[in-house]
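So that you can tell them apart, the chains are marked A, B, C and D in the order they are listed, and the count of residues begins at 1 in each.
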Amino acid sequence: MKNVLGDNLTLTLFGESHGEEIGAVLDGFTPGVKVDLDFIDKCMKLRRPNGKTDTCRIEKDEYKIISGIFNGYTTGAPICMIIPNKNCNSNAYNDLVGIARPSHADYAAYMKYHGYEDYRGGGHFSGRITAPIVGLGSLCLKALNDKGIKIGTHIYKCGNAQDTEFKDFDKEIDLINNKEIPVINNIEGKLEEEILKAKDNNDSIGGIIETAITNLPAGVGEPWFSSVEGKISNAIFSIGGVKGIEFGLGFGFSEKIGSNANDEFVLNNGQIETKTNNNGGINGGITNGMPITFKCAIKPTPSIGLKQNTVDFKNNKEVELEIKGRHDPAIIRRICIVITCITAITVCDMLISRFGVDYLK
Amino acid sequence: MKNVLGDNLTLTLFGESHGEEIGAVLDGFTPGVKVDLDFIDKCMKLRRPNGKTDTCRIEKDEYKIISGIFNGYTTGAPICMIIPNKNCNSNAYNDLVGIARPSHADYAAYMKYHGYEDYRGGGHFSGRITAPIVGLGSLCLKALNDKGIKIGTHIYKCGNAQDTEFKDFDKEIDLINNKEIPVINNIEGKLEEEILKAKDNNDSIGGIIETAITNLPAGVGEPWFSSVEGKISNAIFSIGGVKGIEFGLGFGFSEKIGSNANDEFVLNNGQIETKTNNNGGINGGITNGMPITFKCAIKPTPSIGLKQNTVDFKNNKEVELEIKGRHDPAIIRRICIVITCITAITVCDMLISRFGVDYLK
Amino acid sequence: MKNVLGDNLTLTLFGESHGEEIGAVLDGFTPGVKVDLDFIDKCMKLRRPNGKTDTCRIEKDEYKIISGIFNGYTTGAPICMIIPNKNCNSNAYNDLVGIARPSHADYAAYMKYHGYEDYRGGGHFSGRITAPIVGLGSLCLKALNDKGIKIGTHIYKCGNAQDTEFKDFDKEIDLINNKEIPVINNIEGKLEEEILKAKDNNDSIGGIIETAITNLPAGVGEPWFSSVEGKISNAIFSIGGVKGIEFGLGFGFSEKIGSNANDEFVLNNGQIETKTNNNGGINGGITNGMPITFKCAIKPTPSIGLKQNTVDFKNNKEVELEIKGRHDPAIIRRICIVITCITAITVCDMLISRFGVDYLK
Amino acid sequence: MKNVLGDNLTLTLFGESHGEEIGAVLDGFTPGVKVDLDFIDKCMKLRRPNGKTDTCRIEKDEYKIISGIFNGYTTGAPICMIIPNKNCNSNAYNDLVGIARPSHADYAAYMKYHGYEDYRGGGHFSGRITAPIVGLGSLCLKALNDKGIKIGTHIYKCGNAQDTEFKDFDKEIDLINNKEIPVINNIEGKLEEEILKAKDNNDSIGGIIETAITNLPAGVGEPWFSSVEGKISNAIFSIGGVKGIEFGLGFGFSEKIGSNANDEFVLNNGQIETKTNNNGGINGGITNGMPITFKCAIKPTPSIGLKQNTVDFKNNKEVELEIKGRHDPAIIRRICIVITCITAITVCDMLISRFGVDYLK
C-alpha cells in the first residue's frame, strides 16, 4: 500500500511540506506501554535542523498526540500524531511550477498525478514528512529499549570523514543516540568541515550510514517474502535520499570466498553465537540472535544553490534553474534518527507478527 | 505476508527441496495474455545447473501448469505451476540433523519452527524453490516484452572477472538473455576459471550482478511505502544469497557531490530524459522514464566441502562439519534469471496496481 | 488490518469519543477530483443528531482537511480529515469504570486491552468515530455521482413503520439523499412515533435499512475472497449496531425454489439485463450490471436509561446499572448516511482495483 | 486480494472445475501441529455428493498434501493440497458457450475476463473448488478442536423442514459433525422429501443454515475493520450460494427493543457470561466469551433442468436454455462442512493474529 507501512503494526503517513499540518497514525501497537514524551522530544530534536550544517528552515515540531494514549499509556487503539507546519515560505516555489528540479520527484510526480500534486516544497515527497515517522517511531524505539532491544545509526562516511563500524554494540549505540552528531569516533570536526565545504560551494554532499539492532531474539522474520532484509529494506527505501542498502558484509562479499565468508557457529558460555557476523544477524531471512547490521547509501541532497540545466515539463522546453529556498547541504546527520525510528517500527511489527500484540508490554 | 509476494498481482510459493513437488500460484494476472511455453522453457533452462560450474543435482523441472490457462491464454484466474522433485538424495542430510551449517538458515529455522522444519536439503529455504519463481516470472516477463518492456540481469563481477555496466540497454539485455552465461563482454573464460578455482578448492564464490528494466513509463510506483526501490528490494531479498542492493550509483554516491550527482533533465527529440542516470530511473520512489538499474551483492554459496567448525544445536555442543551433498560452487550464473523473473513479477504488479488488471493485454 | 479498510483505496481511522480530535486518512484516491465541500457538509449534517429523535450531544463537526487537497482538487496524496470533539462530558462515565454495559464493547475491550482502553463514551468504539467516515466517504460518493454511480440508504423498517423496497432506483436514491429522514414513502410520522415511544420509555429501538448502488459497470469484484458481497459486508459490519446483511432476496431465498428464484437474462433495447434482480446485482461475487441491493439489520441502541443488571468486571461482582449520559433512542436514521458513505469508499476501492487509480477522474 | 484469504494465516485457492487439478495453499500455520488424515478424510467425505439428494458427479477427491508436513506434523511452511479432477464431462458445456445461465457467474465473468475465462463447469467459479477449502480447513478445525474450540454447522431450514437453533452447544456440535445430514433434530426424512421433490421437478431448493463456534476466548477480533463479523462474513460470502448472514438475533433485532434485546452480564460460578446471547458472542467486533452464532441464507442452486429464457451474450440475442450436465438439486447439505471449514480457517487466523503463530500448538 502507498502510504501504509507494515503488516500487523501499521504506520499511515499524511501531509505536505507546506500544508497546514502533517502527521501519521500508528495502528496495532501493544496496549499498556508507558509513553515517555521526553524520549520522543529528544528524538524529534535530533531530526531538527541545527541551523549550521543543516537547512535554516527551523520548525519547532510542536506535535500533538490526539488519540490512542490514555492516562499516559498506550490503549491499543490507533495513535495519531499531528504536527503543524509553521515556518513555510511558499513564495520561493512559485517560480518553480513545471520546472523539474534535477534528481527531485517533481517530474515523476507530474507524470503520476497529472499536475494536481502540491508542488510547494516537495509537497508529500518532502523530507519534512519524516517528522511524524520520528515522532511515532521513537515511541516504538522506547518500547524496544524497555525490552532490552537497542537500535542506533551513525554516520559511517561523509566525504573524507570516516567512522569505524560498530564493534562494542550496546555501548556504541548508547553513545551515538546521545550525541547531536551521531558518530562513534571523534570525527565531528572533519565531518562539519566536509559539510560546510559543500555548503560554501552552494553544493551538497551524501555518504554512508550504518545501523545496528541488538538483542533481537533468534527466529524472527520469515523465509521468502517477509524476510528481515526485505521488510527493513522496503521501509528504509521509503526515506528520500537512500539509494542502497547492504546487510552485514553486503557488497564486501564479492571480495570473499565461502571459507572466509561463512559465519561459524560457536558456543559462548553455553549460548549459540557466530564467530564472525558477515551475514549481519540474518540467515535465510530470519534472525539468528546476532546483532542485525546494515549500511545505507545516502545521495547528496538534490537541492543545490548552483545553476543547473533542466526542463520545464509544462512547456516542454529546456531552462536554467537556480534553486532559492532553504535547504540542507547534507541530510546525513538528520537522517540517522529517521532510519533508526523507521527501523524501530519495522522491528516492532516483526515482533508483534511473531509473538502477538501483547509482546511489547 | 510470509510466502505471498505482491499487492494486486501475487505470487504464493510452496514446497521443500526434498518434498514430492514444489510450486507457486500467480494470482491477479491479466486475462487474455498468450502463454509462450517455449519462452518459459528457455528461462527454466537458464536456471538449471549446467553440471560444470554448478551443482550436479540436475532436475528436469518438468513443470505442469494446472490452472489459469485455457486454450493457450491466461484466463484471469490463479495460475498454478507444479514441479516434481525427482533427483533427491536425502541420505546426505540425515547426519546433519541439529548441525547448524554456517551461514545457512538451519539454526534460525530451528529457533522459529522449534525443530518441526523439514531440514532435508534446506527444506523450504532451498534455492530449489526458485524454480517456480522462474516458471511463473518468465510468463510475466514475456507479457512485459510484448509491451516493449525489457528486463535483463548479468554478472557484473565475480572474483577477478569483471563485466561493464549496461550502456546500450535494449541490445545488451537481448544479448545476455540469450547467453548461457549472462555477461555483456566476453569474460566467460575468466569467469569459469574463477568458479572452477573455488570448486577445486571445495570452496565457493559470490559476486555482484546488475539488472536493468527499460521502457517502463514514467509515473509508476508510489511515494513512501510502495516505492519502486522498496518493492523491488523486498522481492529481491527473498532470494537466498542476496545481501545488498543499490539503485543507480548506489554506494557510489558517497564519492560525489550534488552538482556532479544530480541528473539534469534534457529534451531529446522532444522527449524528456535525464543526461545521466545516477538515480537509476527512480525519483521519489517513482519511475521517471529512464532505465531502472540496480546491482545486487551475492554472497559465496554457504555450502562448501571444506571442514568447518560449528554447533550441534540439538545437543548444544561444538562439532566439526564436512558437508557432503551436491552443491553449487557459485550461484551467480543461475541467480541472474531468478532475479530477472522476480523483478518481472514485481514490475507487472506495479503496472497492474497503477493502470488496472487489463494493462498487460 | 485493524483500523485500515480497503485494498487499493484505504481508509485509516483514529480517535476516541472523548479525545481531543478524531479523524481518518483516505489514501490511494484518484488525483484531480474536484472537492465539493458543500456536498460533504450536507452529508455530515445528515449524520448529526437532530436533538429530537436522536441524542442531545450535538457536535458541530467543524472538520478540517489538512492534506491531500490543493487548489480545490485531490492531489493523489493521502487526504486527512480532523474533527475536534467539543461537547464531551466525561463525568457521566466515571462511575462506569469496570461496569460492563450490556451489549456494549466494554467487557470485550477490557479482555483485549487489559484495562488500558479509553472507556469514556465508548472510546475508540464510539459511534462518534463514524463522523470522519462520512466526511471522507462523502468525498468518494460525490466522485461516484459525477461518474453517474449513485448510492442511497433508507429506513426500511423500524417497529411498525414500514417502507417499501427500492423500485425506481435513481429517482428514489435522489429523493432519500435529500430528506432529513431517509424514507421512500411518507412514513416519517409513524417512524418518529416509534422512536419517541422508545425514548419516552427510556428504551431504544432498531430496525432494517436498505441500500442500493446503481450504474456500476458489470465485471467489477472478484471470485472467492474479494467478492462484492464479501468486501461490502466486511465494511458494513465495522459499523456498530449492524448484526446482519443480505444481498438481493437474501434470507427470502429460503421461501423460493430455483425456477422462481433465478434471474433470467433479457435484452432491453439491446442491453443485457435481468428480468428480476433477486441476486442483488451480483453473480459469483462480481457485478452483473443490475443495481446492487442489500439490507442490514440494526440492533436497538444498547444504551438505555432503564435499570439493568450486569457485572463489574474489575471487581468480579454483579451490580445494577443505570446509564445516564446522552444517547440515541435509535441510530437508524443517522446510520443511513454512514452506511452509504462506507459503501461509497468500498465501491471506489473496487473500481480503482479494477480499472486503475485514474478511473474516478 | 482475489484468491488469498486471511491476514496472518492465508489460504490461496486455485483450479477450475474441469482443469487437471485443483488445490489450495495454507500459509502461516502453527508449526508442530499433528496432522490427522482420518479427520480430513471424514470432512472431505461430508462434502462429497451422496448421489441421492446431491449431484451424481462423484469425485473420489484423492488429495495429496505436497508440502508443509514432515514426519506427520506441520512444519510452519506453506501447506499445499492438490486434488485431481477425474470425473469431468466437458461435452455438456460446449453448447453453453456464450449462454448466460441465469443466476450463474457466466455473464459477469465474461464482462470481467473478456471471454478468456474457462467456462467449462463454471471454471474457477465452480463449487468444486470448495474441496481444498474443506481439505485444509479441516486441518485448521482439528487444531482448534485440540484446543477445545468447536465449530459446527447444521441445516436450520429447507422448505418446510425446520430444525431448532443451537442450545446445548458442544453436545449438538459433536452430534451434527458426525451425521451425514447435519441436523440437530430428526428431520432427515422431511428434509430428503423436500430436496427430492425439487429434484423430481427438475428444480432446486435452498434454505438457511446455522453455525456456532464455542470456547473462543474473550478479547479476540478488532474494532472497526477487522471485526469478527466482518472477517467471518467476508470469508463466508466467498462460498457460492450464500446471499445473507446474520449474527446472533440478526434480522430478529427488528422485533425487539433495547430492554429485551440487550444481553445482561451475569456471574456463573465466578465466570462472566451473558444471560442471553442475542449478540452472538460479539460486542464491538470482539468476542465476549459466549458462543459465536450466525445464520446464512443459501439460495436455491441456480442449475435447474427446467427450460429457462436467457441471453446469448456472444451473439447478443435472447435464447432458450435447457441445462443438461449433472447438478445438485440442493447444496444445503454439502455446504455445511464448507462453511464450518472456512470458518475454522478464519478463526485460526484471528487467534494467530492475536496471540502469535505458536498459539495453536
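The rule we apply is simple: contacts are C-beta pairs under 8 Å (C-beta built on N, C-alpha and C of every residue); 3 or more make two chains touch, one makes a residue touch a chain.
In this text the structure is predicted, and so the values were computed from the model without any measurement.
Peer 1: Would you kindly count the fewest steps from chain A to chain C, each step being a jump to a chain that touches the current one?
Peer 2: Tracing touching chains, the least step count from chain A to chain C comes to 1.
Peer 1: Return the chain pair with more inter-chain C-beta contacts, choosing between B-C and B-D.
Peer 2: Of B-C and B-D, more C-beta pairs in contact link B-D.
Peer 1: Take the average of all CA coordinates in chain B, do the same for chain C, and state the distance between these two points in whole angstrom.
Peer 2: Centre-to-centre distance between chain B and chain C: 45 Å.
Peer 1: Could you please state the distance in Å, as a whole number, between where the Cα atoms of chain C are centred and where those of chain D are centred?
Peer 2: One centre to the other, that is 27 Å.
Peer 1: Let me have the rounded angstrom distance from the C-alpha centre of chain B over to the C-alpha centre of chain D, please.
Peer 2: Distance between chain centres, rounded to whole Å: 38 Å.
Peer 1: At least two partner chains per residue is the criterion; list those residues in chain A.
Peer 2: 1-4, 7-8, 13, 77, 112-113, 124, 223
Peer 1: Once bound in the complex, which stretches of chain A touch chain B?
Peer 2: 1-5, 7, 11, 13, 100, 102-113, 124-125, 129, 157-158, 198, 201, 203-208, 217-227, 229-231, 233-238, 240, 242-254, 256-259, 261-267, 270, 272, 274-275, 278-280, 282-289, 295, 297-304, 306, 308-311, 313, 316-318
Peer 1: Which chain A residues qualify as touching chain C in the complex?
Peer 2: 1-4, 8, 10, 12-16, 19-23, 25, 27-28, 31-32, 64, 66-68, 70, 73-80, 82, 112-118, 123-124, 358
Peer 1: Residues of chain C touching chain B in their complex?
Peer 2: For chain C paired with chain B, touching residues are 7-8, 77, 223, 353-357, 359.
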